[in-house]
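Both of the next two complexes hold subunit A, though its partner changes from subunit B to subunit C.
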Partner chain A sequence: MYDIKALYQAKSVADAVALRLAHPEAQIIAGGSDVLVQMREGKRAGAELISIQTLDEIRGVSMDDDGTIRIGSLTSFSHITWDPLIQKYINVLGQAVDQVGGPQIRNIGTIGGNTCNGVTSADSASTLHAWDAIIELTGPDGIRRQPIHDFYIRAGVVDIREGEIQTAILIPKESYENCFGHYIKYAMRSAMDIATLGTSVNVRLSADKKTVERARVAFGVAGPVPLRAVRAEELAAGQPVSLELAERFAQAVKEDINPRDSWRAAKDFRIHIAVESAKRAFIESVKLAGGDL
Partner chain B sequence: MSKQVGENAVRVDAYDKVTGRAKYTDDLCDRGALVVKVCHSTIAHGFVKAIDTSEAEAVPGVVKVLTCFDVPDIEFPTAGHPWSTDPAHQDVADRKLLNRHVRYYGDDVAVVIAEDEVAAAQALRAIRVEYEELPFVLDAQEAMREGAPQIQERYKNNILAHSDVRRGNYETARQEPGLIKVEGWYDTPTVQHCHIENHGCFAYKEAGRVVVVSSTQIPHIVRRVVAQALGLPWGKVRIIKPYIGGGFGNKQDALYEPLCAWCSTQVGGRLVKLECSREETFVSNRVRHAIRTHIISYVRPDGTLVARKLEAFSNQGAYASHGHGVVAKGMNAFPQLYPCPNVECDSWTVYTNRPAAGAMRGYGIPQAMFAGESHIDDICKAIGMSPLEFRRKNLMPVGYVDGFSKNELYSDSFNQCMDKGMELLDYQRKYQAYQNQTGPVRRGVGLAVFWYNTAVWPISLESSSCRMVLNQDGSLQFQTGETEIGQGCDTAYSQMVADAVGIPLSDVHVVSTQDTDVTPFGTGAYASRQTYIGGFSIAQTAQALRERILNIAHEQTRMPVSNLDLVDGQIVRKSDGRILKSLGDLATESLYSLESSRHITAETTAQIKSNAYSFGCSFAEVEVDIPMCRVKLLRLVNVHDCGRLINPALAEAQVHGGMSMAIGYGLSEELKFDPKTGRVLNDNLLDYKLSTFLDHPALEAAFVENPEPTSPYGTKALGEPPACSPAPAIRNAILNATGVAIDSCPITPHILYRKFREAGLIQE
Partner chain C sequence: MEKHQLQYETVRFNLNGRDVERTVDVRASLTDMLRNDFRMTSVKKGCEVGECGACTVLIDGETFNSCIYLAVWAQGKHIRTLEGVLGPDGQLSDVQQAFVEEAAIQCGFCTPGFVLTAEEILETGQEYTDEQLRKLLSGHLCRCTGYENILRAVKKAMYRRLGKEPPQ
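Now for the complex of A and B:
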């Protein structure tokens, strides 16, 4: 039994925007795998809800004319994992969200909800950061797009403005073309867990597979919001592929990450795992890109 | 005669359970029940000065708010032990229904009774409690120090109990020249049972009596505790126990039945239900005792144990519950498992401001085996002896008799179990191959044995009662006070009944529900006792029923009883094997006879004054990823000698469940406490790391069947033993893989990170 004050069912994205304006205190609910848990805990007890659950127009993965991959915000984790476009171009995202919770959660949980929560541990978030995803929001003044890095303001707070709902996550062609990535979820058990540390690396190699053209790495739980380790990325760019490079790249991530001490894990332990994970994910990404190590 | 015992009979409750027909407590509760929710303290230690309920009472739908100032001034015990008529052996009564002296973060201080859950939850948030805060203590040894916070008024230095064992002369013996001293401190965590069905119950008054339907393992004991807590005559209380979704010892305690029963009495006997959330189950039910154990062994270079010392500090938490029996069981196993002429053991059970510790699968033995079996491998490392060879040399020998319990080791269980496990895992070869590895990922194998005994005699009463009622068609119903809690005893008992009476299994109907108004007395599911203890009353009652049947058969067939038998539901003339009539025809004729109508029943009580050792071992193989501080369990093999198997498939399932529980104990599970407030930080299944299928290898269970001579069915304990030895086997496998001896469980990545850094395996 949930303590729900009112439930408004949106019939379309436009309707959802209107409901948001009419009920500014109301909470948006999509799959419900976070909102309902919070209501049960008493944190959002007595809340008004706007359900966008039935808005098929923002569900599914497609490719825009310019080659941008468009992931509707209501797309569930399991649909992302099994989507042919994702599997072909950004397989690592499908693999990352396949490690969220358990099968039931992956069937109801949506990528929009995962990012709108603004939590650092979200399994989709580090990969979306590593692939320079663009967040698309629809509001009373139309569509607004912003890089995912700017979307995250601070822990638990994202940039959704009055009347807006998140409608899609976009991956531009330049971001995914010829890129190969690997995600390591470090958690205390092999399923049904939240990341102690999430590491997503991807690389683009030169045509002869000998040189790293571009390497990107993002972490979850290495700071209050997901973050990129840009100094490691700069260090690797243009360098010849080698195990020694993997080691230096991994060590360099320490310059950008800032995990905290908490009862869930100590800071020094998280840093140690970040370095080791970066190394392993880099090596794996290079191998996926056809590089020889 | 067809034999059912020893066959893989399908569980008698299988179809009802998988199709959802089986009724559990909440399924039986009328939807109109009032909802009770408990207000838990938000301090770890102190006194409630005042509670303002006005705002809570104003919430629409709230019927009543009751507080610790309203409850009867009665302290009562909660442990699920048989009652003792000797006051010196009675359980400690140290809590009231709601408590003004708050002793842990989560203690019960008030209740809301409301028309629905939402109103109850809203009212709960509106209760204002004013406390006088006191310092708190979470560690057992700190709680024993002078000046530590006094948690229970009657127990100086918070020591609930101390007991000891002395053999020979430890101080003199350890002076022998040339001895090698091995010393270790071993820590085990506070963990919770995590049965799938949280505890819940509902209560109402009927004909001037209180009825409680509860998810419990021990209905007859709960009846007594509810009566004691409410100050009622025991006959004024009736407990009904339907199917339950596991208990593992948490429900071997009176949990919220007394409070729920009292709430009903406060609203005119209306139906009230109290269901624990998972968060409450973690904090405000019972947990396993965290035990810190200090062991010193003096050993000759050839592996002979000369003198040993053990000190164990058991963290009782806020209330006595099962109390000292838990650590005492582990301590008493110490000198038995590896007999040594000179032994000094001391154990203390100490109140702290943690949640109350009670019974949990293994009852002190998983803790004792983690410490003891880890220490054995530490000895082996110190003297350069193989863990297998050391155990063969020092483990309890065949013919050993314990002076107190009179338990005897009749068979070479340890060596037979180790032989089997060793062969299954290819232990010897791997143990050698895995020595002195280099590189980031290494493998290891480990071994640990366990000591266990069945049931509670002679510490407590052991008795079981059984009733059998024959139907007109020759089938029967039987009832015992022993409870089905998911482990399969209804099925094992049905197989026993079929054989003992002489009827097909399909003609045996178990009455699964216990109702203290009609079910014969039995103390319930604990101490891995039921298959052993229940077997006595089933065999005895079946014998009584057979005598009645054969006497009636004599009247109906004119053959002497001595020439009659009951086989497969048929009355048979023994001399020529001719079937004279079916049991159904006999029963129908007997019941409807116009001369001497008789309803054929039997009911007896068996008191059991024996107990049986149940031994075995675990073998583990691990792969340790050193840089990632991670252990992957590749294989886990448990081998048990629990006597003759009543139902091999159910026995295997029982072992799998225990191994699963022990994997979490060894690698991931622990309740964490906030040092600043005493609050449990991880009171949910996300942050409390119960292991999942993906964390398990294929679990391998094997058996050695030496029939137990004291049991009518040759059987003995299997409920708890599977959870006793995997954790130290995993720990010893990590030692074999890395050379690093871990002195605590769970062996999480956090622990491995520190230990690997200390050992120089990880450099920063």
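Now for the complex of A and C:
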């Protein structure tokens, strides 16, 4: 038995919004792999819950008319990994979420929950940052869209306003077209572990594969929220593909990251693996894009 | 102290091929309901925070840790536990038989979960490498066997189902 004060089960997105307004103190629960564990720890004991777990209307991956990839917030990690659209256009996202927890957790956990937690170590978050994802929220005044960068306010706090629930994560066509990426999770164990550092890089090369048109890199656990290393991105844009560029790109990430000391790893060690991971992920991304290194 | 309002809900679902119905406390986990209301004691209470995999069940063909799944969410689902893996006269399944042959069991606490995950893996009909199988089995903790015999058992059952000889 969980220490739940009351459970309100939403029957539709509109119903969820109404429940949010009626019970502003209640905690939203999606897959349950965070909220129920926190309840067991006593952190959320005695809370009221609004369950959106059964809302199939916001589950699954699809493509909008303008080519935007729409990931319903309740889509589980394993369903993202196996989805044909994700495999074709944003394969790195499927690979990143395939490193969350263990197999059962990947069937339970949702990408919406992973982002709404506001946790820097979330395996989906760095890749979503690196692909300029847009968060779609549905509230009493309709739909509100916001870049994922602005969605994260500070550690554990995201911009979900009164009456709102997150309903989708969108990747615009301009963001994924001709882009190839690679994710590196650095953790002590291969399963059931939280990232010491997560690094997601993606590149778009020129038609002749000789020049980097655009490179993007984002980190988890390199700061209180997931963050982009924009100076490294600026440095690489328009440059000819080379191993020397990979090295300079990787060194430049140090200008934007700000990891901390924790029991998992020291700040200096995190900076070291950030540089090394950025280099390796950059090289891998260039290779995936057809570049020669 | 504030008086707690008890809240119940009626859940209808399919358990091991049989349509069932129960009225449960909304605070119950699926583990609680399966063990207490249906006596499905193969569903073990281990860590109760989704780490150890001892409470694993199949929900619509996918493995879930039933300890971090609310009982009321079972509404309309098809749920399989180890009890549903046995043959009609209680015969062991091919996966269970392979576990026996490979001595992939000692205390047995993790076994129901492992067997159900193996079912999910083998139902894909694919051939996996050792590395892939290790990853697919990584959501279970076993403190007795050291995992090697479990891996061997799952591999043996996989090759038997595929009608192939395991590579030497």
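Simple rule for what comes next: the second predicted complex is superposed on the first by the 293 of 293 C-alpha atoms of A that agree within 3 Å, B and C clash if a C-alpha of one lies under 4 Å from a C-alpha of the other, contacts with A are read in each partner's own complex, and residues count from 1 in each chain.
We take it that a residue touches a chain if its C-beta (ideal position, glycine included) is under 8 Å from a C-beta of that chain, and two chains touch if they have at least 3 such contacts.
None of these values were measured; they are calculated from a predicted model.
Of the two partner chains, neither subunit B nor subunit C is touched by A:143. Contacts of A:190 after superposition: both subunit B and subunit C are touched. Legend: residue contacts after superposition of the two complexes on their common chain; A:153 is shown touching neither subunit B nor subunit C. Shared-chain residue A:54: touches subunit C; no touch with subunit B.
Of the two partner chains placed around the shared chain by superposition, subunit B and subunit C are both touched by A:3. In the superposition on chain A, A:276 makes contact with subunit B only, not with subunit C. Overlap of the subunit B and subunit C contact sets on subunit A: residues 1-3, 190-192.
By the touch criterion given at the top, residues 1-7, 9, 32-33, 36-37, 40-41, 51, 53-54, 78, 101-105, 107-108, 190-192 of subunit A touch subunit C in their complex. Across the interface of their complex, subunit A is touched by residues 4-5, 7, 25-29, 32, 48-51, 53, 56, 62-65, 68-70, 72-73, 75, 117, 135-140 of subunit C.
Residues of subunit B touching subunit A in their complex: 116-118, 121-122, 125, 627-629, 668, 672, 674, 681, 685-687, 689, 691-695, 748-750, 753, 762, 764. Per the touch definition, subunit A reaches subunit B in the complex via residues 1-3, 42, 45-46, 186, 188-194, 196, 263-266, 268-269, 272-273, 276-277.
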